[in-house]
Amino acid sequence: MTLLLLVLLPLFVLPAPLLLRSRPVLATIATLIAPIVIVALIFPWVIPVFSGQTLISTFEWIPSLGLSIAFRLDALAMLFVLLISVIGITVIFYAYLYFAGKPEASRFYAMILAFMAAMLGIVTSENLLFLLIFWELTSLISFLLIGFYGHKQASRRGARLSLFITGGGGLALLSAILLIGKVVGSLQISDILQSRDLLQQHAYFPWILALFLLGVFSKSAQFPFHLWLPHAMSAPTPVSAYLHSATMVKAGIFLMMRLYPVFSGSDLWFYYVVPIGFITLLVGAFVAIFMHDIKGLLAYSTISHLGLITLLLGYGSTAALSVAVFHLINHALFKAPLFMMAGTIDKATGTRDLRQINGLFHFYPMLALLSFIPIASMAGLPYLNGYMSKKLFIVESLAVHQDGMLAVIIPVLAVLAAAISVGYAIRLFHNTFFNGKPRELPHWPLPPLNRLIYLPLVFFASLCVLIGLWPEWVVSVVVDPVVVSSQASSLYFIELPPYDLSVLDSGWLTWISLLTFAGGAALYSARKVLFAWHDSLPTVDAKEIFETGMLWLISRAQEAVHLVENGSLQRYLIYIFIAALLLTAWPLMQLRQWQGDLALMPIDPMSAGAIVLMMVMAVSVAVLHRQRLIALLFTGATGLLITVGFARFSAPDLALTQFSVEVMAIFIMMLALSFLPQTSPEEKKRYRIRRDAVIASIAGVGIAVLSFAVMTRPQQTISSFFLENSVSGGGGTNVVNVILVDFRGFDTFGEITVLAIAALAVFALTRNLRLKGRVSESVQAEAWHGYAQPYPLILRTLARPLLPMALLVSAYIFLRGHNLPGGGFIAGLITAAALSLQYVACGIRWAQVRMLTQFRPLIGLGLLIAGLTGLGSLLFDHPFLTSWFSYFYLPVIGKFELATALLFDLGVYATVVGATLLILSNLGRLMTIHGPGKEIG
Amino acid sequence: MLIYAVYLALALFSAAILLCLYRLMVGPDIVDRILALDTMAINLIAVIVLTGILMRSNVLFEAALLIALMGFVSTVALTRYLLRGDLIE
Amino acid sequence: MEFMVAILLGVLTACGVYLVLRPRTFSAVLGLTLLSHAVNLFLFSMGRLHSHTPAVIGAVDQHADPLPQALVLTAIVISFAMTAFVVALALRSALELRNDHVDGVDKEEDPI
Amino acid sequence: MLLLEVLISLVLVLGALVAFIGAIGLVRLPDIYSRLHGPAKASTLGVGSILIGSFLFFTFFMDGISMQELLITAFIVTTAPISANMLAKAALHRKIPCAQGTQNAPVPRTDTQSS
Amino acid sequence: MKRSAHHPRKWLPHPRFSLFLLVLWLLMVESFAVAQILLGGLLAWLIPFGTQQFWLEQSSMHHPVRMVQYVFHLFVDIIRSNFMVAWQIISPQNKLKPGFVEYPIQLQNDFAITLLASTVTLTPGTVSAHITRDKKVLLLHVLHLTDEQALVEAIHLRYETLLQEIFEC
Amino acid sequence: MHLMVFAILVPFFAGAFLILANQLASYLQRMISIGSSILLLVVALLLLTYALSGEYFIYQLGSWQAPFGIVLVLDQLSAMMLVLIAGLALVCSVYACLGDDARGAHFHALFQFQIMGLSGAVLTGDLFNLFVFFEILLIASYALLLHGGGRDRSRAGLRYVIINLVGSALFLVALGVLYGVTGTLNMADMAIKVEQLSQDDKPLVHAAAALLLVVFGIKGALLPLLFWLPRAYASATATVAALFAIMTKIGIYSMVRVFFLVFGGEEGIHLSLWQWVWPLAIATMVLGAVGALGAQSLRGLTAWMVIISVGTLMAVISEATIASLASALLYLAHSTLLTAAFFLLSDVIERYRPGCRDYFVPGPKTQDRVMLGVLFFTAAVAFAGVPPLSGFISKVWILSHVDSLNGYRVFWPTLLLSSLVVLVALSRAGSALLWRQNEQQVSQAKAPYMASILVGLLLLLSVLFTTFAEPLMQFAQSTATQVMLTERYLQPFVIGDI
C-alpha cells in the first residue's frame, strides 16, 4: 500500500501548484511536499531493503491481460526511488530559481510531479505491462516538457522527434513484453526472473531480446536513437537536469538492470549490447567536444555516459554490473549540477553559446568553484567519484573474456573514450570560466546571481567529493545490494568480486589515467584545428533531418494515397466491380451443374420477342447514352417492358408498382435533365470505354450464369406458409399484399421510412439551391410566346375533373389491395400522379395553395399512422405490427371486413403521396420562372 | 373461334407495338419518340386486356388503368418539358 | 424461357454497369436505373418463373412464389427513393460545381 | 351465344386492325403532324373496340358484368386529345418542319427548307 | 397565386359530379351492394369536398339531352372517319394533301372550347394543334385537306352549334 | 420483450413526429431529439441487462413465427452495439444542438432515422430486413452527409451515394441467390438450410456470400472498397462524421453476424471468406497508416484512423477464434468512441480557430488552449494506444490474441507500426493545431466549453473503459463465445418452437 501511495502521492499533489499559480513560493513548497514525503515514507525501508529484503505487493486489475497493479521494492528500485526523489527535490528547488516567479512555473511543477509519479512507477513496478504504462507516460510527459515552449519551432520539432523515437521504442518494448508473457506465462517480474533458461532457449528469444533492447535503447538514447536527446534541450533547463540526464534516460538502463538476470550471460546479449554501447560512448563523447551549445555539450556527454553504462552491462559480468550501478549513481550526481550550472549561466548571460560565454570566473567565481567539482568528476579527476568509475570501467574493459582482436580493441577504445571525455570536460570548464572575455552577451552587464543557486550545487559537489573519498562505503551499502537484487538473488548466491577501491594505486592504471588526461588536454589544445575540421563537415541536425524526412514521407504518403484514392468515382467503382467479380468467380468456377433439374418453361414467341426487345432497348440506352433525352426515353421503355415481364410471369402487383414507379422516376429524371446539358461530351479516353465494356460484360455474364443456375434448380421455400395462411391469418386473398402489410409488414414499415427520408433529403438538398446558371437553353422568357403557353387550355380544363376521378380510382385500388392486386403504395402513386398533373397543367403555386395539406406533415402523418397501427397491438400484448381483422355482418350493409392492415396501408398511402409530391414539387420548384422561391411542402 | 380472334388481335397489337418501336428508334425528332411511346402505352393496354381475356380473369384491370393514367401523365409531362424545358410551373 | 431471362438479366446488368462507369452523373443515374431493373428482375426470378399463376387466393389454383414478389416490391420502392435522391443530388452538384462530372471536377471539357 | 362470340371476335379483330393501321401510319406518314393522326385512331376505335369486346366477353361469358373496361375507355377517350394537343404544340414549338406540300404551314416545310 | 384562391368551402360543392363519381364507383367495383353504395357515396362526397379548391369555375351543362346527341354524333363520326383515315394511310402517300386550318372559335366557355378541340382530335383526320391565347382561333392539322371552308363549316355545324346550345354561350 | 422493438421505434417516432411538426420551434425540436436519444439509451441499457443473462431473446414481429415472419434477435453482441449506438447518438444529438443542426433542413429528423436504421440493422434476424435497415441508415446518411451544403460535400456525397447504390444492388443480388437456393430469409433458418445444401448448390451460396463480403466490405471500408470514405467523412459536419464512426462498424458487425451465423456452420464457405479478408485487412491497415501520415486536416486524419481501425478489426476477426473475436469487439467499441471523439474535437478546434478550420496550418493566437490541449492529448493517447487509456488495453488484448504465425510475422508489425504512424501523425496534428500560432493574428474566440465537455465525456468513457477493463473483457469474451458457438442461436429455429 505504501508503494501504491508512493506513486500516487505526486499525483495527489499535482493540482496544488496549478491552484497556487499566482503564488510561486507556495507553489514550489507544495510541489516539494511530494518528493520530501516520499523520502520520508521510504526511509523506514531503506535499511531493510538494502540489507536484501524485497517488498512485493500486488493488486489485481486486468487478469485477462496479465496486467496487475503490482509493486516491487528491492535495492535496485530503492536506489532509483532515492535518486528520483532526492534529485527531484533539488530540481524543484532549482526550478523555483529558474522560472523566477513566472506563472508557467506551476505548469512545469504539475508536469514534473506527473513525471515523478511515472518514473516512480517504472522503478517500483512488479508487473512488466504495468511498468510499460509508466514507461510510456514518461515519454509523453517528456514530449510535453520538451514542447514546453510550443510556440518555438525548435521545441515542437524536438518534442516530436523524441516522441517518435521513444514512442517507437515503447512499441518495440510492448511487443517484447507480450512475447515474454507468452513464453513465461506471466508478466510478474518475479516469475520472469526465474525463467531465464526458458526464455533464453525459446525460439523467440532473439526477437524478444532485439525488441527489448530496441525499447530500452531508444529510451536511454543509445546510438542511433540518441538523436532525440540533444534536441530535448529546448526544454526548460530543470527538465534537462531531471529527465534528460538524471532520471528518464536512465529508465532504459534501469530496465536493462531489472531484466539483467534473464537476458545477460547469453552471447546474443553481448553482441547486441556491447557494440551499441561502445558506439554510443564514443559518438557521444566525440560530438560533445564540438558542441558550442553548453546544454548540447552536456547532452552529448550524457549520451556518452549512458553508452558507457550500457557497455558495462553488455560485458555481462557481475563486476561490470556493479561498476555500471556505481557509475549510474555518479553520473546522476555530477550531471544534475552541471545542467543547473548551464541553466544559471543561460539565464544570466542570455546565451548558451560557449563561443560567447567566456571568462565568467571574474563575474561568478563561486559558481566556477562549485562547478569545478562536478566537471572534474566527469573528467575523472582523482578523489572525486567519477575517477573511481572511470578506473573500474577500464579494469572491466580489460577483463572482458573475448578472444582475438576484441581483447585489444575494447580496452583501446575505452581509453580513447575516457580521453575524449577529459577533453570536453576541460573545454566546458575552460571555455566557460576562462578563455578570455565574454563576447557580445545578450545580457550586459551581467546580473548578480541569486545565491540560493549555490545550495543544490554545494549539495551535489559535496556528494561527489564524499563518494570520491569513500567509494567503499557507497559500494558496500548501495551498489552491492543493488547488484545482488539485480541478480535474482534467490536463485543463486553471488560472490561479489573484490574491488580495488584505493584511490591512488600504483602501476599501470595510474599511467592509463594520466594518459587519458594527457589525451584530453591534447585534444582540447588542438581544438582550433579540430573545430575547423568539424566545421568543414556537413552539419547534421537530427531534428531537421527528421523534419525533412517526415515532410518527404508525408508527401510520398500523399502521393501514394493519391495513386489509389484520387477522387475518381469511376475508379472506385471499378475496384468494387472487380472485387465482386473476382470473389464470385472463384466459387462459380466450382459450380459443376450450370443448369438445375427443374423443367424449363417453354418459350412463347411473344415473351421471346418482348425479351429481345428489352435487350435492344437496354443496349440502346448504353449506346445512345450521350443523347440524354433519348437515352432516358429508352430507359423508360425498358422499365415499361419489365412491367410487362412481371405481368407475364404472374406478378400483377409488381407490374403495377413497377409501372407507376417507373413513370415517376422518369418524370423526376426529366426534371433534372432540364438543368443538365442535353448531351454528354464524347469521352476522350477511348480505352476506358473498352475497359468498362469488358467489365460490364463480365458482370453481365456473371449475373446471367448465377440467375440461370438458380432459376433452373427446384426450390423449397417458406412461401407455402404464406399461401396457406394469407386468408386465415392475414385476412386477405392477395398474398403479396398480405406479405407486405402483415407477414413482412416490418419491411414495408422500413420501406416507407426510406421513402420519407428520401423525400426529406430531396427537400433539404434543393432548399437553398441557387440557380445561377440555368442550364437548359429552352428555359427562356420568350419561350412563352407562340405555341408554348404556360397552361394550355385543353390540358388545364380537362386535368381538373381528372383529379377527383383519379382519386376515386386510387381509393378503389387502395381498398381492394388486400384481396386483389393494388394496395396503399400503388394508390398513393396514382394520387400523386393525379396531383402532379395539376402541377403540370396549372402551375405549382396554383396547385400548392389548393392542397388540403402540406406534404411534410402528410409524410409524418403517414409514418405515424403506420407506426401507431403497429403499436396498437402492444395494447393487447402482441408484438409490434400484429394485425387484427374480423368479418362483420350488419343488417343492411351485409358482410364486411375490418382489418388493421388497412390502417397500416393508409399510412403507406399517405407517406407515398406526401413523399412523391414533396420530391416532385421541390424539384419542380427550382424551375419556376421567378426562381426557386419559397420552399414547398 | 374467340380464342383465335384474341390471338390474332394480340398479334396485330404486337405488330403495332413493334411499329411504334421502330418510330421510337428512328425518331427523327423527340416528339416522334414521345408519340411512339404514348401509342405504345395505349397498345399495351389492349395487349393487357386481351391477355386478361385469355386468362379469363380481370386481375390485370388495374394494370391497364394504371398504364392509361400514367402513360397520359408522362406524355403530358414530356411534351410540357419540350415546350418549356421544364415540367412543372 | 429461363435461358432467355438469364440472358436478359445479363444484358441489363452489363448495360447498367457500363453506364454507371460513365463519367457523367446523368449516365450514372441511367446506369443505376438499369442496374436496379436488372436486380429487381433478378430477385424476382429467384422465385422461379411462373405463368398465369398470380398469388391471389381464389383467382387461380396454382400460385407463383409470392415472397420474391413482395421483396421486389420493397426493393422497387426503395430504389425509387434512391433514384429520386441521387437525381436531386446530381442536380445539386451540377449546379453547385458548375459541371456534371461524377467527380465534380470536369477534366474533359469546359464547365457548363 | 355463337352470334355473340362472332360479334366479340369481330370487334376484337377490327379494333386490332384499326390500331395496327394506326401504327402503320405512325411509321409511314411523312411528318410528325400527320403521324399524330395514327395514334388518335389507335386510342379511340382500336383500343376502344378491344375494351368493348372485353366488356362483352366478361359480361356475357363470365359471371357478372364488367364495367371497368368502359371506365378505361372513357379515360382514354378523355385523355387522348390532350396528349395529341400537347404533342402538336411541342412539334410546332420546336418548329419541326412539316411535309412537302402542306397547306397553310405555320412551320417550315421540308420542300421550302431544302430549296 | 395569392391566398385569395381560397374560397369558403362548400359542403357539397358539385352535387352532379358527386353523383357521377358514385356511379363511377359502382361501375368500378362491379357491385350494387348497399355497402358499396354507402362507401361510394362517402367517397363521392369526400373527394369533391377535399378537392373543391382545384375546380371552382365549373361550367354548368344546360341541356344534358343535347349532350347525348352530341356523343352520338361523335361516335358515328369516329367510326366513319376511322375508316377514311385507314384508307388514307394505306393508300400511296403522294395522294395525301395535309394542311393546317385556322378555325375561328365562337364558343365562350373554356370547357366548351376544350370539348370542341377534343372532338376534333377524336375524329380521325383532324387534330387540334393549338388554341391561341385569346381563345379565338383553333389551329387544326388535317391529314387530307381538300376544302378548307367546307371543313370549317362542317365542324361549326356539326359540333360547335350543339356545344353552344349545351353550354348556352 | 416489447422493449426490443422500441430500440427501433423510439427514433422512428421521434423522426416521424419531427417531420409532422416541421414548423416546431427549434428548441422544441432539439428537446425531442435529445429526449429520444436519452430514451434510446435507457432502452439500450435495459436490453443490455437482459442480454447479460447470456440468453437469446427473439421478438416475432406481427406475431408471425420465424422463419416466416421477421424476427428481432437480442444477444450480447446486438445489445452491445445498441448501447454503443445509443451512447454515441446521445452525445451527437446534444453536440448537434450547439449549432450544427441549423446548417440545413431537418437535421434532427434525419438523425433520428439514421439511428433507427442503425438499431434495426443491429437487431434484425432477417436478411432482407437487414437490407431494408441498411437502406434506411444509408439514405439517412446520404442526407446527413450533405447536411450543411457546400461543394466538398456535394462532391464527396455523389461518390458516397453512387458507390453505396451499387453496393445495395449487389446486396440484393446476394439476397436473391440466397433465397433462390435456400428458400428462406431468416438468418438462422438460412444457416440451417445452408448446412443441408447439396454439393451442387454450395458454390451458388458461396458466390452469394462473396457478394455479401463485398457489400459489407463497402460499408465497413475494407480495401479496395473503402475509397469513398476518407473524403466523405472529412467533408461531413462534425456531428455527422462522429455519428458515422459507428457506420463502418455496422458493416463489420453485419459481416460478423452473417458470416459466423449463416456461413459459420459450413467449414468451406466461412473459412474461405475470412481467408480473403485477412490480407485485405492488413492492406487496409497499411493504407490507413499511409493515409494518416499524409493527412492535411484533423478530420482527414481521423477518417484514415477510421480505416486503420477497420483494418485492425477485420484482421483480428478473420483469425476466427473466440479469443480474437472478443478482443476485436472490445477494440470496436474503443475505436468507435475515439474516432467519434476526434471528429467532434476537430470541430471544437475549428470553433476555436476561426478561418483556419482544422487544417494543419498555424491558427490565430488565442488565449487559453489548456483545455483543448488536454482533450487533444488525451484523445491522442487513447487512440494511438499509448498507455494507460482504452487504446492501450485493447491493443494489448488484440496482440495477445492474435497468435497465429501470420499474426506474429505480419499483423504485429503492421499494428505496431501503424500505431507509431498514428502517434507521429497525431503529434504533428497536435503541434500544428495547438502549439503553432500565427503571431500576427489574434483571435478572441472563447474556448467552446459545452462542446469540450461533450468530447470530454467520450474521453471519460475511454478512461472508464480502462478502469473497468476486466469486466468489459469478460463481457467481450462471453459475447464472442455466444456469437461463435451458434448452436444455441439456431436451436429454437431448428425445433421451430419460438
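The letters A, B, C, D, E and F name the chains in turn, as written, and every chain counts its residues from 1.
In this text, contacts are C-beta pairs under 8 Å (C-beta built on N, C-alpha and C of every residue); 3 or more make two chains touch, one makes a residue touch a chain.
Note that this is a predicted model, so its numbers are computed, not measured.
K.L.:
Under the document's definition of touching, what chains do chain C and chain D have as common neighbours?
P.N.:
The shared contacts of chain C and chain D, listed by label, come to A, B.
K.L.:
Quick check on this structure: which chain has its C-alpha centroid closest to the centroid of all protein C-alpha atoms?
P.N.:
F
K.L.:
Which chain lies the greatest distance away from chain D when centres are computed from Cα atoms alone?
P.N.:
A
K.L.:
Please work out the Cα centroid separation of chain B and chain C, and write it as a whole number of Å.
P.N.:
Those two chain centres are 22 Å apart.
K.L.:
With chain centres taken as the means of their Cα atoms, state the distance from chain E to chain F in Å.
P.N.:
61
K.L.:
Please tell me the distance, in whole Å, between the geometric centres of chain A and chain D computed from their C-alpha atoms.
P.N.:
For chain A versus chain D, the centre distance works out to 71 Å.
K.L.:
In whole angstrom, how far does the Cα centroid of chain C sit from the Cα centroid of chain F?
P.N.:
Centre-to-centre distance between chain C and chain F: 28 Å.
K.L.:
Out of chain F, which residues touch more than one other chain, so two or more?
P.N.:
Expected reply: 128, 132, 135, 139, 142-143, 146, 149, 155, 158-159, 162, 166, 173, 176-177, 179-180, 185.
K.L.:
For chain E, which residues are shared contacts with two or more other chains?
P.N.:
Answer for chain E, listing residues that touch two or more other chains: 24, 28, 117-118, 128, 130.
K.L.:
At least two other chains touched by the same residue of chain C: list those residues.
P.N.:
20, 25, 28, 38, 40, 42, 45-48, 52, 54, 56, 59, 67, 71, 74, 78, 81-82, 85, 89-90, 92, 96, 102-103, 105
K.L.:
Applying that definition of touch, give me each pair of chains that meets it.
P.N.:
Here the touching pairs of chains are A-B, A-C, A-D, A-E, A-F, B-C, B-D, C-F, D-E.
K.L.:
Where on chain F does chain A make contact in their complex?
P.N.:
Those in contact with chain A are residues 2, 5, 9, 12-13, 15-22, 59-64, 67-70, 104-106, 109-110, 113, 116, 120, 128-129, 132-133, 135-136, 139-140, 142-143, 146-147, 149, 155, 158-159, 162-163, 166-167, 170, 173, 176-177, 179-181, 183-185, 189, 199-201, 203-204, 206-207, 209-211, 213-214, 217-218, 224-225, 227-228, 230-231, 276, 287, 290-291, 293-294, 296, 377, 381, 384, 386-388, 392-393, 396-397, 399-400, 403, 412, 416-417, 419-420, 423-424, 427-428, 431, 434-437, 439, 469-470, 473-474, 477.
K.L.:
For chain A, which residues count as touching chain C in their complex?
P.N.:
Residue list for chain A touching chain C: 567-570, 573-574, 577, 598, 600-604, 607-608, 611, 614-615, 618-619, 621-622, 625-626, 628, 631-632, 635, 638-639, 642, 645-646, 648-654, 657-658, 661, 664-665, 668-669, 671-673, 675-677, 680-681, 683-684, 688, 692-693, 695-697, 699-708, 710-712, 715, 717-719, 722-723, 726-727, 733-736, 739-740, 743-744, 747-748, 750-752, 754-755, 757-759, 761-762, 765-766, 769-773, 775, 819-821, 825, 915, 919, 922-923, 926.
K.L.:
With touch defined as at the start, can you tell me which chain A residues reach chain D in the complex?
P.N.:
Against chain D, chain A makes touches at 783, 786-789, 792, 794-795, 798-799, 802, 805.
K.L.:
Using the touch rule from the top, collect the residues of chain E that touch chain D in their complex.
P.N.:
Contacts found on chain E: 24, 27-28, 30, 78-79, 82, 85-86, 89-90, 93, 96-102, 117-122, 124-130, 139, 141, 143, 145, 148.
K.L.:
Quick one: in the complex, what on chain D touches chain A?
P.N.:
On the chain D side, the touching residues are 75, 78-79, 81-82, 85-86, 89-90, 92-93.
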